[in-house]
Amino acid sequence: MLVVLKPESTAEHRDQVLRCLDEMELRGYVVDGARPMLVEVLGINGHFDRVRLEQSPMVDRLVDRDQPVLAAGREEGDQTQVVPLGAHASLGSRRIGVIAGPCSVESEDQILRIAAGAKEAGAGGLRGGAFKPRTSPYSFQGHEEQGLAFLAKAREQTGLAIVTEVLSCEHVDLVSQYADVLQVGSRNMHHTPLLTAVGRQSKPVLLKRGWSATLEEFLFAAEYIMLQGNRNVILCERGIRTHEKYVRNTLALAVVPEVKRISNLPIIVDPSHGTGQPHLVAPMSNAAVACGADGLLIEVHHDPSRAWTDRHQTLDIAQFQSLMRGLEPFAEAAGRGL
Amino acid sequence: MLVVLKPESTAEHRDQVLRCLDEMELRGYVVDGARPMLVEVLGINGHFDRVRLEQSPMVDRLVDRDQPVLAAGREEGDQTQVVPLGAHASLGSRRIGVIAGPCSVESEDQILRIAAGAKEAGAGGLRGGAFKPRTSPYSFQGHEEQGLAFLAKAREQTGLAIVTEVLSCEHVDLVSQYADVLQVGSRNMHHTPLLTAVGRQSKPVLLKRGWSATLEEFLFAAEYIMLQGNRNVILCERGIRTHEKYVRNTLALAVVPEVKRISNLPIIVDPSHGTGQPHLVAPMSNAAVACGADGLLIEVHHDPSRAWTDRHQTLDIAQFQSLMRGLEPFAEAAGRGL
Amino acid sequence: MLVVLKPESTAEHRDQVLRCLDEMELRGYVVDGARPMLVEVLGINGHFDRVRLEQSPMVDRLVDRDQPVLAAGREEGDQTQVVPLGAHASLGSRRIGVIAGPCSVESEDQILRIAAGAKEAGAGGLRGGAFKPRTSPYSFQGHEEQGLAFLAKAREQTGLAIVTEVLSCEHVDLVSQYADVLQVGSRNMHHTPLLTAVGRQSKPVLLKRGWSATLEEFLFAAEYIMLQGNRNVILCERGIRTHEKYVRNTLALAVVPEVKRISNLPIIVDPSHGTGQPHLVAPMSNAAVACGADGLLIEVHHDPSRAWTDRHQTLDIAQFQSLMRGLEPFAEAAGRGL
Amino acid sequence: MLVVLKPESTAEHRDQVLRCLDEMELRGYVVDGARPMLVEVLGINGHFDRVRLEQSPMVDRLVDRDQPVLAAGREEGDQTQVVPLGAHASLGSRRIGVIAGPCSVESEDQILRIAAGAKEAGAGGLRGGAFKPRTSPYSFQGHEEQGLAFLAKAREQTGLAIVTEVLSCEHVDLVSQYADVLQVGSRNMHHTPLLTAVGRQSKPVLLKRGWSATLEEFLFAAEYIMLQGNRNVILCERGIRTHEKYVRNTLALAVVPEVKRISNLPIIVDPSHGTGQPHLVAPMSNAAVACGADGLLIEVHHDPSRAWTDRHQTLDIAQFQSLMRGLEPFAEAAGRGL
């Protein structure tokens, strides 16, 4: 149970709530940094007097703890929030934003070649991992700051916005100096210290859904970021783990129209991880846009067969160009453009 | 391991294969009704001599048992097979076929009203259950033959093709007298006697994917039908069971382009069961068509709030009309029409 | 919503309920064969008057449709029902019942050898498939009646009770002539016509949980059988489909104590299908008994490497003997015996 | 592909491997801190010459990247590693170690009362969260260092070892000053920076399996810790996400004997999170021990109805005492003691 105080409340009003809870033999937890001020009620039991609490001065309303989404929620009539994708593009606007690039930044030459191809095909952002979350500690963990510098050079040459993952709290500052959008990966959607850390800097955050996160958990992860003051959150569906075997993950596209209904955050789709199969990336991109996605995140490499990571699901540049051409009529059917 | 005999083989050739297996201390199982003739090799062990078997007279090739799909497979250049949907429509052709109607046939009046609305909105087929598979034995099990008669009357009045579920082997004859397409439901996809029974009659079969069937199992279920001589099988994706809670099922749309790649059977999508949420049916219909679906199966009722079954996921007629209008640009973007 | 009539109600009382519903603009569905008589209320809406219905003569109570389990439910103080396993054993009593044998009956010699080994190791029942549900139509489908005759001979020689699967309604009579217990397989748990058919004969039924059935669906499947008058139902957990890869299925053992809490039916566990790995069968058998299982169903073959089906998960006879010896202290710890 | 160098290799040998890869137009990634030295081969393609690499001086062998588990693997004849649980107990030895306590440390009084009860019932460790990973940012996040101090006081009074979660890299030092065992929670199993950080300190680490992690990912997470030099890792199964609804998670106990087979790390089970139902905790504890678990992690509170978190799955002290008494015969049956 959350007590939401009125916007004009003071610390004194909050302390009144705490005292009131105390008298009911309950404890109140003051949510750090929340505006309006919030107090969680702990240890609810028979002494809990809801009406008395609701009538306390400056209490706006009580909210069930399982009802999420204070910051990320959509009110009647809300528009999807437009989040900048670098200087020249955005996500959440009429134009579908496409972010393309390799799984890992391998070398300057590699990222520049891919960036040029992505730009020419119509992408607005460049993805590429400098810090890589790997299942095995014996796998390549990324070029780290050098990789970020290569990405920055690619932005210089193409104007593409840089989207790259930040793995740990200690690298948030470093990554935000280079990137236009900080990505929080699927593995880290539940890592609340990282969510808090990216919420305290000002670059937009691309938040990928955990591969077995519920929708509620996904939105609460966005709330962790937004509670720190950074409202530029982009959600990203990338597939969930199921019993299916012909795909790496099951792309759960219904989350797109559901997010549109209950949240005003933009949502994009990653059909590369969402299927793990190059031949499924283009049709599922079409489907994503058809059900309302604001953008796409696609793995592209100039030579997938030699890619250091994710080689089995990566498109080559010609395939990506073809995807972009094929996407256009679906974007138009959705009342949007590329 | 399957031994595939050449088309011109005789019973004598087949018996040679069996004797050959015998000499290797193996057993052969002759697949009933298969053309070309097929022999499964049982009890494989060290004595198995693959080369000798391959060189036997009239042996065409050996196939690993886990490689599915002899009848349902797509060869290079194959077109999707066109399956008739009654006298006036089809599935697998350029036109997207839409089958709409209630979960259960409740009364003559009900089905006629819904059929009229569905027809006007552009549907080509009418769905409606006369035999209902219900979780609880204490739930309404359908009007049975009377329900079929009501459906037939709706066809008379509207020209819509009748698609209705057959639950048990003993009703296959009865249902095929009334229906244009026999539906095998998700619960029964694994019930091989029913698959065999609908394979022995001539009406097309709409085969829904089991809610936790693998793609391989789905195609093998089609093979059970086709092995009996009925090649008019329509596949239908209707969602799988996962950890997701905001939907009744997770609609796994990637199966659509994957089926297009490996099979020549038409595939349609049921976004009503696939999401269980009326507000998700239209966007997921758009997505289904965008990734290549040949048709849709949609629950529609003139008064969903009073529907006897599935009331929470059923569209009313106005919502269905709106869905059909919204679908049109996506059908065009996919190079198809409604 | 179900209306439960009092035990002494007559058809006239039932018709009163139907008329009463009619006056509320609702429809009533009379559940065929239910004792006490049951009427499902269809099309519930604003006119529904719960109190009036509850006060109708001879109405015992109203039950929410999602509250299952009239026949299979446990009342305070109920004992687990004891179901006979042939002439000499049972399931649900103090003694753990173990049913062992091959996936498929392959030959008379095979089944007699395995039966002798199983008997010696302490099994009370012999499993073996004569009608086989196979994913592929090109796989061996069982020796059918000949297989049943081999099983009967094994019973003659060993006294073991015969547990064998019935796949289709048309074979229920045949199988019940040979078997001591009819098995309904995981694939068919949702096939209600088969549940009804085995409910109409008198041999006990071993009902395997569908591999993605909910617990509620599992118990409702038992209700389908019991509603026809056959109360001798044995539940069997055999694993569910999940994302796990090192096992064929995830054995969800918590279902055992949960069934003990809410139902009085005996429940056994199949660790062979539940893991698909021979080395996991013995430890999971111990775990099953430790959390309250009434018995086990285990795949055993005298030469697993040459078994026609399920060779990868089948124990040999020595492994089965070792499992039985290892199980004994756990049965004792659970206050039971073998 | 990993190149494993011989133990006596020098940096010069490693550089030879890198040059050799260079000549094959490949890149080598030197795994930081690995002993023996490891080089991952990146960008494998047609130029890759396996034999040449294997014959390079000081190359021990090549390992497929998907074959995990260098540090955590079990060799023939290995014993399970014994990991200390504070000064007086251990996990992995003959005695089953039980760690009990509340979800959250709420107050000094609360933790002291629970610790006393847990100790009396026979627990060897005390759990309790001072840093809480919460789905919602509006939920109580733990008393942090004050909570750790309360736990330390409970250790002083009872001798119980303190097991408490560390959420973020920045708190590893702080938590390791107070705790006897650092817990990495299910949400953070994939957060590799935290794994690395706890690998660099010397207190044992309790690693909970991610709720949809594969077994391979689970073991690789342990490798991340062990690669830093901390070999005292305790694995913990706590249930996975599936379609099941009567439990909070599906407790996948087969992972216990599988880990015993392939790894020498001890493994314990958390039936509180693994079921989410108090009445299932005791039977699943019995099952866990029966299939080989080295210990248990159980939520206990002196007044669950007023617990601030996880109140619905927590045992009270009497229930915990009863669990411990009931467990004893199963521990003995498994050849162990409490």
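Here the chain labels run A, B, C and D in written order, and each chain numbers its own residues starting at 1.
One rule holds in what follows: a contact is a pair of C-beta atoms (placed from the backbone, for glycine too) under 8 Å apart; a residue touches a chain by one contact, two chains touch by 3 or more.
The structure displayed is predicted, hence computed values, not measured ones.
**Student:** Would you kindly say which chain has the C-alpha centre located farthest from the C-alpha centre of subunit C?
**Tutor:** A
**Student:** Name whichever of A-D and B-D has more C-beta pairs touching across its two chains.
**Tutor:** Answer by contact count: A-D.
**Student:** Distance between subunit A and subunit B based on Cα centroids, please, to the nearest Å.
**Tutor:** Spacing between the chain centres: roughly 37 Å.
**Student:** Please tell me the distance, in whole Å, between the geometric centres of subunit B and subunit D computed from their C-alpha atoms.
**Tutor:** Here the centre of subunit D sits 46 Å away from the centre of subunit B.
**Student:** Could you state the distance in Å from the CA-based centre of subunit A to that of subunit D?
**Tutor:** 28
**Student:** Please output the residue numbers of subunit A that touch at least 2 other chains, ranges allowed.
**Tutor:** In subunit A, residues 212, 216, 241-243 touch at least two other chains, as defined above.
**Student:** Spell out the part of subunit A that touches subunit D in their complex, as residue ranges.
**Tutor:** Residue list for subunit A touching subunit D: 2, 27, 29, 31-32, 34, 38, 40, 42-45, 65, 68, 70, 106, 133-141, 167-170, 187-188, 190-196, 211-212, 216-217, 220, 223-224, 227, 241, 305-308.
**Student:** Enumerate the contact residues on subunit A facing subunit B in the complex.
**Tutor:** Contact set of subunit A toward subunit B: 212, 214-216, 240, 242-247, 250-258, 261, 274-275, 277, 279-280, 283-284, 286-292, 329-330, 332-334.
**Student:** Can you check the complex and tell me which residues of subunit B touch subunit D?
**Tutor:** Checking each residue of subunit B against subunit D gives 212, 241-243.
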